[in-house]
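Report on the following structure.
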Amino acid sequence: MLAFECDYLEGAHEKILQRLIETNYEKAPGYGNDSYCESARAKIKEACGCPDADVYFLTGGTQTNAIVIGTMLQKYEGVVAAQTGHVNVHEAGAIEYTGHKVLTVPSHEGKMKADELQAMLDGFWQDVTHEHMVFPGMVYLSYPTEYGTLYSKKELADIAEVCHRFHIPLYLDGARLGYGLMSKSADLTLPEIAEICDVFYIGGTKVGALCGEAVVFTKNNTPKHFLTMVKQHGAMLAKGRLLGIQFDTLFTDNLYFTVSAHAIEMAEKLKEGLKREGYPFYLDSPTNQQFVILTMKQIGELQKQVSFDLWDKLDEEHQVVRFATSWATKEQDVEALLALLDK
Amino acid sequence: MLAFECDYLEGAHEKILQRLIETNYEKAPGYGNDSYCESARAKIKEACGCPDADVYFLTGGTQTNAIVIGTMLQKYEGVVAAQTGHVNVHEAGAIEYTGHKVLTVPSHEGKMKADELQAMLDGFWQDVTHEHMVFPGMVYLSYPTEYGTLYSKKELADIAEVCHRFHIPLYLDGARLGYGLMSKSADLTLPEIAEICDVFYIGGTKVGALCGEAVVFTKNNTPKHFLTMVKQHGAMLAKGRLLGIQFDTLFTDNLYFTVSAHAIEMAEKLKEGLKREGYPFYLDSPTNQQFVILTMKQIGELQKQVSFDLWDKLDEEHQVVRFATSWATKEQDVEALLALLDK
Amino acid sequence: MLAFECDYLEGAHEKILQRLIETNYEKAPGYGNDSYCESARAKIKEACGCPDADVYFLTGGTQTNAIVIGTMLQKYEGVVAAQTGHVNVHEAGAIEYTGHKVLTVPSHEGKMKADELQAMLDGFWQDVTHEHMVFPGMVYLSYPTEYGTLYSKKELADIAEVCHRFHIPLYLDGARLGYGLMSKSADLTLPEIAEICDVFYIGGTKVGALCGEAVVFTKNNTPKHFLTMVKQHGAMLAKGRLLGIQFDTLFTDNLYFTVSAHAIEMAEKLKEGLKREGYPFYLDSPTNQQFVILTMKQIGELQKQVSFDLWDKLDEEHQVVRFATSWATKEQDVEALLALLDK
Amino acid sequence: MLAFECDYLEGAHEKILQRLIETNYEKAPGYGNDSYCESARAKIKEACGCPDADVYFLTGGTQTNAIVIGTMLQKYEGVVAAQTGHVNVHEAGAIEYTGHKVLTVPSHEGKMKADELQAMLDGFWQDVTHEHMVFPGMVYLSYPTEYGTLYSKKELADIAEVCHRFHIPLYLDGARLGYGLMSKSADLTLPEIAEICDVFYIGGTKVGALCGEAVVFTKNNTPKHFLTMVKQHGAMLAKGRLLGIQFDTLFTDNLYFTVSAHAIEMAEKLKEGLKREGYPFYLDSPTNQQFVILTMKQIGELQKQVSFDLWDKLDEEHQVVRFATSWATKEQDVEALLALLDK
């Protein structure tokens, strides 16, 4: 069986496992106070070109979103996201569980538009009853989006400008950040993201780590006593070294970017093959997730030999499917998949 | 100045004040255990044709929505509402504050459609990732809606059928219930609402009381230890008599319905006058709220002598305004308003 | 039957009912923006000698505690209370429902001691693991306490000094504030409470109102967008006039203090009578609640003709009972009770 | 420097790291649906002698406590713990963050007593105002306790009997479960714990894993849609294999018990040495944490060469310190510590 259903099918990059073994018997203080976390934080700040950033390590994406949003918002505020945003759809209500509403703007292939965001915020403040409504207190977007699409530098800067006009922070969910930055279509760098956004996270779970996300507060804006609130959310890892070692490894010798580039290369190869065969695409994704429209019959056939993800059903005969590559995808597997798809 | 901006401008029906005075020095136990609450509960159950109902008194609408929804939902569930539902827009995030998401379906002049609800629920259960999503655990609708519109008996029954198919309760927000039931377009009675819905509330604040809403659980489905959770929400009134006396009075000699019918009569008179003058309506409301499209110039002129509510801005030149009548609206005031609107 | 079980047995002072009737048909804006609330706020600020105070009206005590504590605390903080504090025992977990812990210090007849508070706060800050603990973020005390006892001016000032040393606000629950201030033992005035405390509330429900508590923020320290959070808690009354009219009446011509003094006079008469008859007191309460130790036999006899409150059981043969007087207690009822207690 | 400050200083048992490497490139489904989790669950059920148990893997102790307690309690309930219980002291209010109160009973060297628990529960139910209080809905205890002490089989069974009498579940926090079971003083086995308790967790983080706790529901009592609530708490690991592989390894060939026994052996050696030298113990701990009373001067001297944990300050001259051994403690380090302590 070939497997393309997501980007977290394998364990971790072997350099990470190697480091875990090498450092295993060193005694390290808990809760992120170890030297590996310290080193990883320094390397991430360096990679972000943001020496004053605060960096924290958490274990997963939903956890990170709930904690960043839940601790940055005031009690009367909600977070604005595209209708399709992960926080609005696929986190089992983790944001609402923190007591905050997810306010939505339209989604355009996963992305929000600066002018629609502006209109939404204007609408709120011009409404004479807005004291009876949830204050928009933060903007959340994902890069790449849940549909694999990317904001251009201008699009992101425009959204940030709207945010700053309304004095609310911009938060970028980078669960697949490496796959965005290494896309051939990307015109954004990590330092540019750090400059534009108020807070973001660098996804590890989907980009070569066993687990782990690195939250970066870029504007001296870490919520006070953040670690106590991390603990309160049940998210403080006793052996913080597990996260420190992984991110220290990923940010040594550009490993994070190298493995991300590999996933993109595999996705491009797949995309070209699918195009060549004339498969219709649901949308044009420049990153590691490719969305293709198959017939039910094609799906049935393919499922015998490949696992992949089923998305929106378009009609009785057609459904969108997703193929995801990752840091660990083997070229021969892409070729085997393409061979199966050769009509 | 004339005032038509809402339906809670005056105090209470004078019979209520009279009863407060008459009963003032009787000593009554607290927390809803008094004889007035007891009597009011009996009369409401009678009026609902539902002898087994459980009736509780709370002070306001947002409070009632938060408590009913927050106590009936399981932790993994959210409530489904029309996009324009009060709980989704104008309650400052009170539902999310209880930890639950408001899931939305499209709004059609304030109403949801049974088939769109069905499609939404089907979509949830057919989604293979639904365990990562908020479970739709209840349906909320308002009668009349925030736009003054009404569900027909068939529309409500169809929605209830969908709910029951998915084993989730149907909750009707009756903040203006009297104005709905007394509408000339209504084909629903209070006993029918009690039969169709799993829980609903009879609004007092907007229909002649100083404050107060009566929650009716119709299917032996009151959440266990409901009163403790009312207390936990800070919603238990020490002098429950204040609510009991008001509802006992409103449900004596059909007062609730008589005063509601008066508001409808006033609204009809206003509507006819506006039609006669050729004012365009935003939508056709059969209840006590009338939505008219005025030019900015008309609005400016009118505001010198009348207070009314500004709603959606349609374009630079036109805006929707709302005139509301109530149990206390005087016929001469409606006539004075119409005189001002006479072009 | 005589009734002494609590201080909210009757409706409201007749002047309040009179005002409700007089003002009933005036049209007033909602949500506390009416002229009655405005006037009541001005009179309360005057009575507090605190022209810069912010005053808000809520409906009940538990609601007020949950909102004040829930909006003033940071997410990583809890509130410190005496073990017997109302927020720790009798509010069904309303504080925890806002996500915050109640931290406790020992209770001495309902009161906390400044030195024990200091020790508790020192202990927290000296604990090297305090980042894993709930930060004490506020101090809550009641005046009078749940046991009818009073803090002296020095005791309150000492507690305030400890609070300020640790930069946390002092919050005084004045559910029975009038009965405290009018006690013959009180050496505190309302302006002094306003000066010493950062926030407190003036109880209406137990002191002559149908419902209502007036929250006073004395140090320009109202939480931002407080009203939105009041709405979020389901505590915003549409007809705010109901609260405004009541407090405006209570703070006209010293009515709040006059009716409070009456309750104290009745309590003193009762206390003297009980002492004369040799009944043992559980503690020496200088306010409207009197705690007496009766035998089970005495309790059984008395319950045939009087309703009163059962408190702690001391042993198989003895239990503490509470008799409460109020603004509405009639002298002849006290005399009748004493006659029954005459052995 | 020697290090004895806690039991999570090193990484993981080398067999775990070995397994991570061996399985690294196998493609596995996410969220705990992989074969390693499946295998680990089977082995744990076997070890518990409880074939019908439900087993779930989470990453840390506070997270586990918040999720188990937060999902098993009804909204009107709180959890009962000893005053010194981890959930009451050292989890930054994680339980209250779920909206639930921690109710306390006295602590006796970290343990609660069945009769005091019974008295507390009787007191609640006999209190006529208990509907205004938090319902005790669950009992939490830790084994070993935070002070290293152990419940005997009879003590645990007596507590369970009280729980069952009141129809509330008993939850055992086994963060250091292995160190409890392997203690020479223990008279409880894992199957007995599974039989007596309604839910418990087997701690991995402190007993040889990089991270991970295994929750065991023993009575077909897993809360409905538990995984959705795990996700809602931000606690669902995408690569569940990380937890599955670790627990599968720990429960292969009794590894969990073997490594636990080693920690106990080291603790016993340390304890004997300290006794021989005449150091006073704060209490008699039969597990891997040893609490000794040192003078400030001794502490100052020792800190130059050893890291250890500072606990309660007894007076100006004396403080309790904790030395912890673990699965990874080397005998030579214990000997070195004892040499330093040799007066």
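Order as written gives the chain letters A, B, C and D; numbering starts at 1 within each chain.
Convention: contacts are C-beta pairs under 8 Å (C-beta built on N, C-alpha and C of every residue); 3 or more make two chains touch, one makes a residue touch a chain.
The model shown is predicted, which means the values in this text are computed figures rather than measured ones.
Q: Would you pick out the chains that touch chain B and also touch chain D?
A: A, C
Q: Where are there more C-beta contacts: A-C or A-D?
A: A-D
Q: Fit chain B onto chain C over the CA trace and report the rotation angle, somewhere between 0 and 180 degrees, nearest 5.
A: Best-fit rotation on C-alpha atoms: 180 degrees.
Q: Could you state the distance in Å from the CA-based centre of chain A to that of chain D?
A: The computed centroid separation for chain A versus chain D comes out at 34 Å.
Q: In whole angstrom, what separates the CA-based centres of chain A and chain B?
A: For chain A versus chain B, the centre distance works out to 42 Å.
Q: Calculate how many whole Å lie between the centre of chain A and the centre of chain C, each centre taken as the average of the chain's C-alpha atoms.
A: The separation of the two C-alpha centroids amounts to 50 Å.
Q: Among all residues of chain A, which ones touch two or more of the remaining chains?
A: 76, 91-93, 97, 99, 131-133, 228-229, 231-232
Q: Spell out the part of chain D that touches chain B in their complex, as residue ranges.
A: 70-71, 74-76, 99, 131-133, 135, 224-225, 227-229, 231-232
Q: Spell out the part of chain D that touches chain C in their complex, as residue ranges.
A: The contact residues of chain D facing chain C are 76, 78, 89-93, 96-97, 99-102, 128-129, 131-134, 310.
Q: For chain C, which residues count as touching chain B in their complex?
A: Listed in rising order, the residues of chain C that touch chain B are 3, 5-6, 8-12, 14, 17, 20-21, 23-30, 59-67, 91-94, 97, 205-206, 210-211, 228-229, 231-239, 241-242, 328.
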